[in-house]
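Have a look at these structures, which come just after this line.
What follows is subunit A paired twice: with subunit B in the first complex and subunit C in the second.
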Partner chain A sequence: MSTGGNEERKNPPPETKHSLWLRRAVIASFWAVVAFLGLPVWWKTTAIYRADLPLQDMTAWANGQVCKPIFPIHIAVQAPLLPHDAHHLIHATQQTLNDLSDFPAHQLRLVFAEPPQPANASQQVVADGSGTAELDDTVALAVRLIPVETGATPRSQLQPFLATLDIYYSPSQIPSESSTNSPLATYIAQELHQLYAQERVRLSGLYSNAASQSESLSPELAVQLQRDSARAFKYAPTYHLTFSLFTPTSTPSAWDIEAALRQYMNPILESFSGISNFTIDTQVQLYANFSPSIRQPEYDNDAKAWTIFKEDVGGFINAAEWPLSPSIGRGPTINFALYVPDEAQSPLFVQGSRDNSWLVPQWGGLMILNPQSYQATLTKEALVPAMQVFSTQLSSLLGLPQTPASLPLRISTLIRIHATSLLFSASSTLGALAQVYQKMPTIPVPDPVAKSVDLSLAHLHRACELLRDGRFQDALENARTADGEAEKAFFERSMVGQVYFPDEHKVAVYLPLLGPVAVPLVMAALKEIKSGIAAVKGR
Partner chain B sequence: MLSFLSFLLFHALIACAYASPDYHERLLLRPLPQDALLASFNFRSNETAAAYEQQNFRLFPRSLGQILQHAHTKELHLRFSVGRWDAENWGQRPWYGAREGSNGVELWAWIEASSEDEAFARWLALVNNLSGLFCASLNFIDATKTIRPVISFDPEGDHAGTSNLHLLHGILPHEVVCTENLTPFLKLLPCKGKAGISSLLDGHKLFDAAFQTMAIDVRPVCETPGQNCVVEMEQTVDMVLDIARSKRPRDNPIPRPRPIEEIECDTSKSYNAPDTCYPLDKKTEPGWKLTEVFGKPLRGACPLTAAEGPESETLCINAPPERTIEVNTTGHYTKSLSASDTLRCYKLPTGAELDLVLPEQRMTTGLIRGQPHLYAARSINGHGQERGSVQAVIKNPSPTDAVEFAYLESLPWFMKPYLHTLRAHVSTSSEDPLKETYYRPAVDRVRGTHLELRLVIPPASTLILTYDFEKAILRYTEYPPDANRGFDAPPAVIRILGPFQSADRKGLYLRTTPLLLSLPTPDFSMPYNVIILTSTVMALGFGNIFNLLVRRFVGADEVPAAGGLKGLIQGRIQRVKGRFGKA
Partner chain C sequence: MAPDSTHKAALFAALFAAAAALRLLLFQAFPLLPHRLAGRVELSTPVSSFKRLQEGLYLYTHNVDPYHGGVYHQAPLLLPLFSFLPDASSSPFATNLLFTVVDLLSAHALAQIADSGHAAATRLFKSSRQGLRWSSAAIVAGFLFNPFTLATCMARSTTTLTNLFILTAMAKACQGASTTFLLALSAASYLAMHPILLFPPLLVLLYDARADRSKTTPNALAFTAVHTLGLTVISGTLLLASALLTDSWDFLGATYGVRLLLPDLTPNVGLWWYFFTEMFDSFRDFFLGVFWLHVASYTPGLTIRLRTQPLFVATTLTGIFAIFTPYPSVADAALYLSLVPLFRHLFPLMRYTFLASAAVLYASFLGPAFYHLWVYAGSGNANFFYAITLVWSLGLSIIVGDSLFAALRDELDVQRPELRDKEVKRI
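== the complex of A and B ==
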């Protein structure tokens, strides 16, 4: 290729060893600065702080490998029997119960309790709860065996406001020593099994998270349970209740809500006080019109009433104009809206029914109240139907099961359900956090996150142990803390910032400086390596 | 003078009737010179302190009440204002300036807290929540815009039972007040703009006004100290409408000249001809109707107001007795006259519309306007991007009384005053009018300047207050969008301390206009240019030094034959040359 110049080309004199090594030393020192000063400084200054998280524990919790919650429900049996007979009866009943059980985590455990007053206690209805007072606080239900002479036996009665099941039997039904199968034991076992049927279904639903229903469950019941759980609010330590009076005119402009709430709402809130706290606020809103998207009420001649269309019920609340903003503070707001129609459009009903209250899932309840007389103030008496509706709606919005009939039993069921769901939700939050940590190496993880995770794990362990001991209330407290801490860790603000900072951006910033600097450095190094190799080969 | 008295009396009348837990509203209309009309809306609702604490809200809005309780705010004053009160023409301000705000949004509140830090944290919670409620950028009131005034504000409410109250004050002069602020304002009213005088409030007219201010004031009021307390919320809207402008129909808003036949011409002018006309000032009051001026009908009374007594008369007009006023309604209304017949009040019918019709009329008498206690104007002087000076001119029109007042400036941190250049000068006296100075200097990016002065101005004289300031250079990211427009500096708040006293605890105030401060604005593509330029320079320097150190220097004739890319290209060129040479 080379054509050669007109002048003669001379070769440069051979390089001295000294200058050759000097050049190599210069290049090497530049590279040393880059490698030992530049890179570490760059690494240090652009590094993202990531606190250590116990990833394995977190994933194990999320996969359910650490804790399989079990629900030992202690049931005290009080029987006016000799200890020997009683033990035999309990043993037989327990045997039957174990055979009936289709959900192994849910264990009904019978224990014998000394009857409080052996003599003529049977006829005395214990109204003040003294019958269960001396029992251990882990006891969820007391079964009282009461011998009677008359009436069909065995029969049972559940106390609506006590965690007590009364079983009436005739003394002849006490199983003898020899018999293994006794009708009374079977009866008690079946009663108890039935009592906890709904709880078992809901707990097992939480367990598998799929709709794996046990065979004993009818499809209607399954649908009902599904609907109930879709309605209910997610558990929160605090709920804000807002009671609002809406009217399209200016009457009524006041209501005796304070007294009505005190009488009708406070008792139910008190029974829930072990689960959550509640704040209450009320408001009166006049001139509250329907939103323009729904049709105005029409007069129905047959029913002699004004009706609104069934399909408009969903748009009844004029969210744009009615001030139903959530309350300030942590926790969700449950809204209860009482709508008093215009006097000219009263009575107002939903088309096709005389039912004028409905529940908006995970939002609250609504009722149309057609007062007897239109006065400036709605009296407490006029508010009674509304309060009854609202308290029913409140219990279903809080996820209270509809059976059994005893309120303390239902509340203790709710405690177990909440404790379990919080346990699972905290675990899955921790699992998700572990995944985020592993999958996104660019997000910073500050120390408070690690602290929250540790706290959450500790409380999860504690909650799991407490569940095993049957101390459900304490388990709920711990599960609540665990869930709160897990959420706090997952939603830590400073973790969000860097996620969307793309690598292209970095290239655009680095290239103008690093490109021109890197080219001579790399070229010089390559050239030197090449000549070095050539020299080695040529030798 | 009588009519002036009536104006004073009227406001006193509204002020003293707040003991019972109820709802009151009143609209005062007052024609102003140059075909302007002052409409002063006042709504006041009470809630007993017990119900308020228990969050049983009836007349008090729940949304606001919860915010105030959450932030432990005991007294709140919030203002949204647009425009300027033309004191030279319009006279005394409505409510003596006590329900007026500086242009944009102004907020001050008394917050209960055990320490200053806690008070500030609660203040931030308050502004953030109010920001959501009123659709305003109140959340931009941060530490740099918050001051703690010393003498300019006193609580209006009774705070006997609470200790550790902290007063915090913030102004957003740049905020554009518009319809989205009026809608939540109306929602706080029990009758919600659907009945009562609030049915006249309409965003199109309100924000088209020459001057408008919306105020919300919450304060506890007690009959006796600590007993029978109510939490009172007062909502006020004052607007000055140009009658001719607001009478234009909404579908045809372009002003058109009147037909020449309707115009009275000045025939003394030399150029007067059938087609040229110098219009004479009409000596008549313009005719107007409520529906025309407000664009909406007045939909009867709000049923929550008192059924009888002076409180039931919710529509009042302050005009000379000879002014004809016709009432158009199908419902039953009553009318009463007071203050030498210059104040006509109407009790509105419930459920029926009412309209006031004032025909065009040639007047022989007029109302005497109340004279302001002080006139104030403020401006920025100087030139250049580095320094400037502020000059405030305050005039005392009274021939007999020396006026003592507090002057409050809350300046942004990037406007740094030199306090040693502060001069207060009165032409008529050699005495120093500056009695007291409270000054808290700015800290860059942390807090703004707080300057509060107590001054006395002798009768019939003018006080000139000047100081120099330096403009800071902002960081690149600190410039707002449209940085070349300039930055707004909040108005000065002037509170009259004496000898005039207000009848209630509201105080006498006036505010200057805000200032537009132009700061040196950079070219915003600069950072990219800087990155590229410095990188190039550094790469150049590095390359030279590196090559000098690494390259081997040989004689020009000792250069090895070009290899690589260069050799390849040279070879090609030679070959092409050779081929052409042959041909």
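== the complex of A and C ==
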């Protein structure tokens, strides 16, 4: 205290020792609250919680160091031969196949399967494939060797709705024990190689994208692949299909769509059920006019039909007035629109062709239907051409490859492609998350993110193993979960909140409230310290 | 003395009878009034609302966890108490009677505090103006016929129970009755949590009262240890009983967790709700901590500074609770405003009485109007009501600050009698 001695000035009397200590105790008590409770609270509540992520694993997956997917495709060979001969044939064919292979991850593996029953050729041809059903579910294709006496041999036939390739040969073509090279083995190998040509290209395309390697591709094939992938929807676990009937007049006012869908659409949807789920709705829109920007149909005397101009096809859908909402429910919507023209303008075609259906990439399909007779209700039979067109369009919108001819084979190809691309996409999402984690030390990472990452990694491992075992369906399911979890982790909402919160803003948060509180506390403490020092010096 | 005490007893009997009659008459004459008042945000907060208590009671009597709905945030032991009464919506008389009795018991405790004389003269401090005081009857009348108290009672807010236990704890501390003091304070803390902060000043008060009575000073450390242990044991027993009643410890999160973390931002007369509606999410926890520490930090400072006037410290703390706790209501202010008249001797030293009373009156009249404009008429917004709660808090803070100043000035007068009635400047 600076009260010592100066009697002239009217200084207040010195404080008593008691009140001095009392004041110090009060100030100390406030500071004790700040220091022992306030600071820990500040530390605890403003610390950014960052759950531990397995960064190394995530980066390793993104760099493709953990899993190099391989595609062992098991092909069962059924031959009415002695086991010894059959094994010899398979061995020779396998060797030829290995020599042909230009993509080592894609491995065709032949296994010998006992033929279901010894029977003669004619019965075998008409067999309903019950033999293949008994095989192990990892078998992707069955090759049936069928001895025939007549016709050119060897020749092959692919069952369109079964994963079965029939090879007709004459018994004399069975390679003998001594020969290392046989025309039949070479033929089978080449057939198989050809069968999987497109799949190999697409898979290696995914590979080269993922590992950014350059590989030589024939230009026309590359263009076709690009076109196919531009058309197809991005993979989703659920798609929503909308079937719409548009007509510029009041007829037809109803359609027998439910029965038509059941009969013509359900089979194809069922075959896709291993890949995605589908939900369906339908609608009818009467008095649906063209948008004013396109020209009205004109009558073409040569073709004896009404035509719309080719340039107008792009604007055919009147997006402003036709109720084709972009997305209903979960997953992307695939639209199928059936346009029945005015009776007075029927038949209606696109100019210069008799083709009256077209596909809008990543949106859906359209068809102009010119019915035989105008009735209030479009019958199931009248809808048959539309259903055929729509199912073809659906296949290409879902990215189903064009070849080979057998549907089960194409679907299993699609499964492998999706499994692989999901695997790569999940890996790269995880890698991106790892990068974000490392590059932005200020974003919080809550526990659910770490949980999703762990789940995603576990499913990735499982998917990779299943691919190696040739269980592609299960692999797809695991890859799907892995991808979903990875996306969930990456797009966690609470992570983005603080990304754009610079440190300067914290001043604005803290100062208005804590500043006024802190000033008297700090000033009081400083004053006490000063007077304390002065008292020590004065002594 | 005898005629005087019978006279006083008759006066109190008349006061209590009048207060009870007034309450019961209002309950009977306006059967819809309690319902209307219970819906007012000024009177019913999420942690004290009678409607929420009824919801909890319904769930409890139907064997559902009362905290499942996320509506009920009050103490579990209230449930068996109220489940003994007949249903309040069909036959409200018993409930109304209960709340009336609670108010009368509070008034009785207040009378005991006033009679003890601890407000102006304690063991270590005698105010130079200790002759200047109101009679306990006047103070009790000021409590019983205070419109805020009356409205709280009519709204049947459970804060009245908390207030009863706080007043009882103060009364028992003034009388030096350890066990009842501990029981009452534990009950108050159990119901509302923040009254635990009254423990230090009231412990000092109890110590002084005990020393006064026995003319010896007990060992301060042992005294503190014993009473802290007693408080812990009784509070622990209450919590354990609650856990046994609800079969789980989940009630802690639903009652005290709600008070600590403020998940329900229903407007009230306090300062927290608006602040936290505007808060950045990432700083919410931090500022919850800051606000709570702000409330808590007054207890040690005031107890140390005004160690000689513990009853005044406790009173000031109830005022601070009425301003700075997360879910304050008019009921908390009613408690504080009923305790302030005990310190009649400080009134001549207070400088802003007009400003404070004007602010409180202004807020009491305009608050409901602005709330109506915001919520019902839609011609105002949240800022209208918040501005009024700021004025309300300002009024209460002026009373708190002014009375603190007066208490310090009073202390100075005792220390340096020559300065009495002179202008002083704080240095």
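To be clear about the criterion, the second predicted complex is superposed on the first by the 435 of 539 C-alpha atoms of A that agree within 3 Å, B and C clash if a C-alpha of one lies under 4 Å from a C-alpha of the other, contacts with A are read in each partner's own complex, and residues count from 1 in each chain.
Simple rule for what comes next: a contact is a pair of C-beta atoms (placed from the backbone, for glycine too) under 8 Å apart; a residue touches a chain by one contact, two chains touch by 3 or more.
Because the structure is predicted, anything quoted here is derived from the model rather than measured.
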Fill in: First, second, both or neither for A:L526, with subunit B first and subunit C second
neither
Which partner does A:V384 reach: the first (subunit B), the second (subunit C), both, or neither?
neither
Quiz item: When the two structures are overlaid on chain A, which partner does A:F30 contact: first (subunit B), second (subunit C), both, or neither?
Solution: both
Look at A:V517 in the shared chain and tell me whether it touches subunit B only, subunit C only, both, or neither; answer first, second, both or neither. both
For this session: Could you look at A:V509 and tell me whether it touches subunit B, subunit C, both or neither (first, second, both, neither)?
Result: both
Original post:
Touching A:T282 in the superposition: subunit B (first), subunit C (second), both, neither?
Top reply: first
Key: First, second, both or neither for A:V223, with subunit B first and subunit C second   = neither
Between subunit B and subunit C, the one with more contact residues on subunit A is chain B
- Name the contact category of A:W42: first (subunit B only), second (subunit C only), both, or neither. second
So the subunit A residues that subunit B and subunit C both touch are 12-13, 19, 23, 26, 30, 509, 513, 517
The residues of subunit A that touch subunit B in their complex are 1-3, 7-13, 15, 19, 23, 26-27, 30, 242, 250-251, 253-254, 257-258, 279-284, 286-287, 289, 321, 323, 325, 327-329, 509, 512-513, 515-517, 520-521, 524
Listed in rising order, the residues of subunit B that touch subunit A in the complex are 51, 54-59, 61-63, 66-67, 70, 129, 187, 190-192, 194-195, 302-304, 531-532, 534-536, 538-540, 542-543, 546-547, 549-550, 552, 554-555, 557-561, 567-568, 571, 574
Note: in the complex, subunit A contacts subunit C through residues 12-13, 16, 19, 22-23, 25-26, 29-30, 32-34, 37-38, 41-42, 44-46, 444, 497-498, 501, 509, 513-514, 517
In the complex, subunit C touches subunit A at residues 280-283, 285-290, 293-294, 296-297, 300-301, 304-305, 307, 415-416, 427
